[in-house]
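In the two complexes below, chain A is the common chain; its partner is chain B in one and chain C in the other.
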Partner chain A sequence: MKPQVAFFDFTSCEGCQLNKLNFENDLLDILKHVDLVEFREAMDDKADHYDIAFIEGSITSPSCVERIHDIRRRSDVLVALGSCAVNGGVNAMKNMHPIDEVRETVYGEDKYLFATLPAMAVSSVVKVDYEVRGCPMTQQDFLKLLIALVLGKQPPKYGSPVCVECKLKENECLYNRGMVCLGPITRGGCDAICPSFGQFCTGCRGILDDPNIDGMLEVMTSHGISLDEAKKRMQLYNSNEVQL
Partner chain B sequence: MSRDLDIKVHHLTRVEGHGNIVVNMKDGVLEKAHLSIVEPPRFFEAMLKGRSFHEAAIITSRICGICSLGHQLTSLVTTEDALGLEVSEQTVLLRKLLVHGATLQSNILHAYFLAAPDFLNVGSVFPLIATHKDVVLRALRMKRLANDIGDIVSGRAVHPITPVPGGFSRIPEKAELLEIKRRLLEEGLPDGLETIETMKALAGAIPQFERETEYISLKHPDEYALYQGDIFSSDSGATPVSNYLDVTNEFVVNHSTSKHAKYNRSSYFVGALARWNNNHAQLGEEALAAAEAMGLKPNCHNPYMNTIAQVVEAVHCILDSVRIIDRLIELGLKNEKPNQTPTRYGRGIGSNEVPRGILFHDYTYDNKGNIIKANCIIPTGQNLANIDDDMMKLVPEIINKSKAEITLNLEMLVRAYDPCISCSVHMLEVDFIE
Partner chain C sequence: MECFSLLRSDVPALINHLGDFGEVIAPHGKGDVSYSFEVVKDNSEVVLDYNRTLLPLKKMFLPPVEKLMDFSLKEVTYEKVDVAITPRVFFAVHSYEMQSILRLDHSMLSGSAESNYFKRRQSSRFVGISFKPDEFHFSDSVGIAIEDMEGFDLFLNEVDGDFQLYVITDHGQTLIDGFDRKELTTPEIVDGREFKKKIRYHYNRLPRVFQYAYHSDVWADVASQCVGCGACNLTCPTCFCFDVQDEVTVTAEDGMRQRNWDSCMLSTFAEVAGGENFREKTVNRTRHRLYRKFKYITDEEGLPWCVGCGRCTAFCPAGISLPDIVNELIQEDEKAQYHRTVRV
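Showing the complex of A and B:
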């Protein structure tokens, strides 16, 4: 029997889900191997049980907490998709400001109208079995995981920094071009897509397991930005992971 | 008719984000008909505080995956306005090409995947793979072409990489642009014309409902405005983008985590239909012929026709992309570096038309190039009051229909606006109360 697969979105831009609708060349083939039973962005159907539940977005409100528990109860395997779900992603930047100030900035005197929590990774609330990193997650990364799960194999893990892939692509180091890049401490697997298009690495796939944070800060500040600016750059996608 | 009606659609499907439709009628009196936005707030304006001008567009593109290019470019023009960064004609042309790619992608996604299933009485595009495979394959082909424009020119269609303050971090190769042009003419145009035939066949399923309202879009002296221009209201005419706060007048309502907006009336309409009503005369003959074939006339007051206006724009985007590529090649592609040396620091305001309507960003920078204050006003937020006003007029007109039919009509109405709820809170659940 084909695995019953569902997609759910929490606090996010839904860009990772959109990337799945963007599998224009492979979508019909994928659907031969899985039963898509719930995907609110694209379809009306709803189901009671999921073999694999893919979760996009961060947990940022009491209703998110309730909903993720309900999905977890009904799922055999739960996968966090994209930065927001894996570690809070850009949403977690708000955690660096006092929460009252954050509310007030957007809603003014109506700041208590909508309940909000600090932005959390899905794994802060329920067990996450697998993750697909990146902002947005890449289609290739998602497919590798899906194929592994359908075949009952272990999905690939990425342990080396973006710099390794960047060197393999023979890119000139962006530090040589006067830019400040997070490639040395950022988990690879993205094929160094941003540096390959001339843009610095933003750290969207998360920080390596054993990063040299002090060394990174030293490199960044020796290339013309302040320590404060370097820390902010590091926290862009990793406010929940890098406490500075 | 003294009817009690209680509709609650919890988490409306086939829209971007979380929203509920709530209708409450008691003894024939309509007490409530609104779209309740339950997407958790994102707080982007707060997140932007203290962030460098190098990061602003990276952050704001994450407001929405579908509209990431629109947010990114609007962020860039806002930053460039604030910091006094001039950009080249090549930069503007490449950005306009990206706008066409993103508009084509988004409009085709909405028309085929989100709206068309309603016209064919199915719950999603997936059953259509068995019954209308050629149509689904065509839609996928058009989306792929549109996304390839983004992938090639901006590195990635969802959350583009190369558009940066002052220009591009990488300039596409001439051969890459010529290949896009070839595909636009050999695949895009024939598929676009077939799309018109498909939509013509489905147009009979579009509900007949009219409510004249205020239509707001950008207006540009030289072209059908998608990238920059002046604000234009069908009620009160043109006003500069710097006056946007006088137009949007945002206010908080308790049934929506997204703020509402109003200008000359209780609500206004933004999006493809507003652009069509305000700027149709600037479309080319092929797009105008497409509109005529699908029954879209100037000053159309049926919100359900927004989907048709999107298809008209798809034809425009395909053909105008070819014109832009010709112009880029005529100019000769230059390996320009982005201009990132600020000439001033202060406030900047930027606006573009994104697929769902007019978008505003407004940043104030300190003299280190970090944001002190930010404001983003999103198309879907601007449409919410108009959707509620439509529902209040629509429900009494169709009250003799079954509850299921009324619910479907309301869902289709909201979907016609192609709402982007992640954006607007920066939406859908129908609650029937009977």
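Showing the complex of A and C:
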């Protein structure tokens, strides 16, 4: 029997999910391997049990916590999709401010009607088996993971920085073009798509496992931005991972 | 060895002439301030005055990403990719680059020869060119002169904007057969090619320095600056480590095996099954990189495995300088020597 697959969204832009509907040529091949049982953006059906549950978005409210526990109980394998689900993503920038201030800014005097929590990675709440990083997650990355799961193999892990793929493509270093890039400490696997098109890396796939944060801040400030700006750039996608 | 005069304005004609032998590969401008070796399509785009290319010439023999085979999971078969032997001329190559190819030959062809490298290396001809050292070149310190002609078939030595064309090998003679040769008029001696960056010791003293440098504090200093991006290895002309990966297509029925350049400066490089890592900390890796260049292979071959191109220094985002590290080790070694002498 084909694995039963479901997609769920939490606090996010739903861009990662939408990305999957853009598979076009590959979509029919994918559906040969799996049965889609729940996918709010594409269908109405619901199911009780999932072989693989894909989770998009971060956990930001008590109701999110309740819902993700329920999904985890009914899933064999749970995969975090995209930056928000993997480490909190841009949502986690709210964690740098007092939670009351955040509520007031967003909801004004009605703030007491909306319970909220610091933006958390899915793995902060339930066990996450695998992850697909990036903002948004790339289709190639998702396909590699799905095929690996279908074949019963370990999905690829990315432990080396964006610079590796960038160098192999023989791109001119963006530091030589007067930009400040997070490539050296950001997890690769994206084929260095941003630097290849002249856009500096913003760190959407998360910081490496054992980063030299002080060294990186030194590199950034020596290329003409303030320490404050350097920290903010680093925290854009990684507020939960980089405590400065 | 014959030597002729070649005007700068005649270089495009020479490139055209070399094209009769095969594909011509030469430095081209890349991005704002960089260069790279590319196949010549329009010979007016070839750059003769360049400091160094982003990736070394190695990429033409050992591609950064190379497909090794196709396989079918359904039929359980595989088919190796056949590498064709094509005649190629590498034009305007610096002497350190040529030396790096000769060192790579040793790494890839001694013992069991690497067949893809071997085929790509067949019928390749090299035309050298002199260069003006910038603040990063230090090839002089590792025994490679600007005019070092070993390995080249032809060599262009720049004098006052024009060139002396040296014919070094029989292959070189064949390459310029039929090309209009002008008698040498320029003086043979050129100056103004001082190296700005130097390693303080002669390179044959370095293995001894490295023999006692394993526990030096210098490594921790370097590690505190290093962000671990791997740029130093990935742009190094004598590094040859690679990683092999299998990729299965979306049909889950077939796939391909490819190899990519790898870097021992990456934390994942020495990771093995079970999660053990032989060089877990950056400090272990910065040390290993230099020992690979000045000790391990050097002990066996008697040559430093660094050619002084300055890429690792020029492309390091943290500005870590390889010759500076070596000079610091030398200084530390001298202090240790002094204390040893005083005690006696």
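Rule of thumb we're sticking to: the second predicted complex is superposed on the first by the 244 of 244 C-alpha atoms of A that agree within 3 Å, B and C clash if a C-alpha of one lies under 4 Å from a C-alpha of the other, contacts with A are read in each partner's own complex, and residues count from 1 in each chain.
As a convention for this text, a residue touches a chain if its C-beta (ideal position, glycine included) is under 8 Å from a C-beta of that chain, and two chains touch if they have at least 3 such contacts.
Quick caveat: nothing in here was measured; it's all calculated off a predicted structure.
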Room on chain A for both chain B and chain C (clash or fit): fit
Contacts of A:105 with chain B and chain C, given as first, second, both or neither: first
Which of chain B and chain C A:210 touches, first, second, both or neither: second
Which of chain B and chain C A:147 touches, first, second, both or neither: second
Between chain B and chain C, more extensive residue contact with chain A: B
After superposition on chain A, the shortest CA separation from chain B to chain C (Å): 12
Shared contact residues on chain A - chain B and chain C: none
Residue ranges of chain B in contact with chain A within the complex: 11, 13-18, 38-43, 45-47, 49-52, 55, 58-59, 62-66, 68, 109, 113-114, 117, 123-126, 129, 136, 140-141, 143-144, 147, 155-159, 161-162, 164, 168-170, 252, 254, 257, 422
Chain B partner contacts - residues on chain A that touch it in the complex: 9-19, 21-22, 24-25, 27-28, 31, 36, 39-45, 60-61, 63-64, 89-91, 93-94, 97, 101-103, 105-108, 110, 113-114, 116, 135-136, 193-194, 196-199, 202, 229, 232-233, 236
Residue ranges of chain C in contact with chain A within the complex: 30-34, 36, 54-55, 59, 64-65, 73, 223-231, 234-235, 245, 247-252, 260-261, 263, 266-268, 271, 282, 315, 317-319
Chain A residues touching chain C - in the complex, by the definition given at the top: 26, 29-30, 32-33, 143-144, 147-148, 150-151, 156, 159-161, 163-164, 167-173, 175-177, 183-185, 208-212, 214-216, 218-219, 222
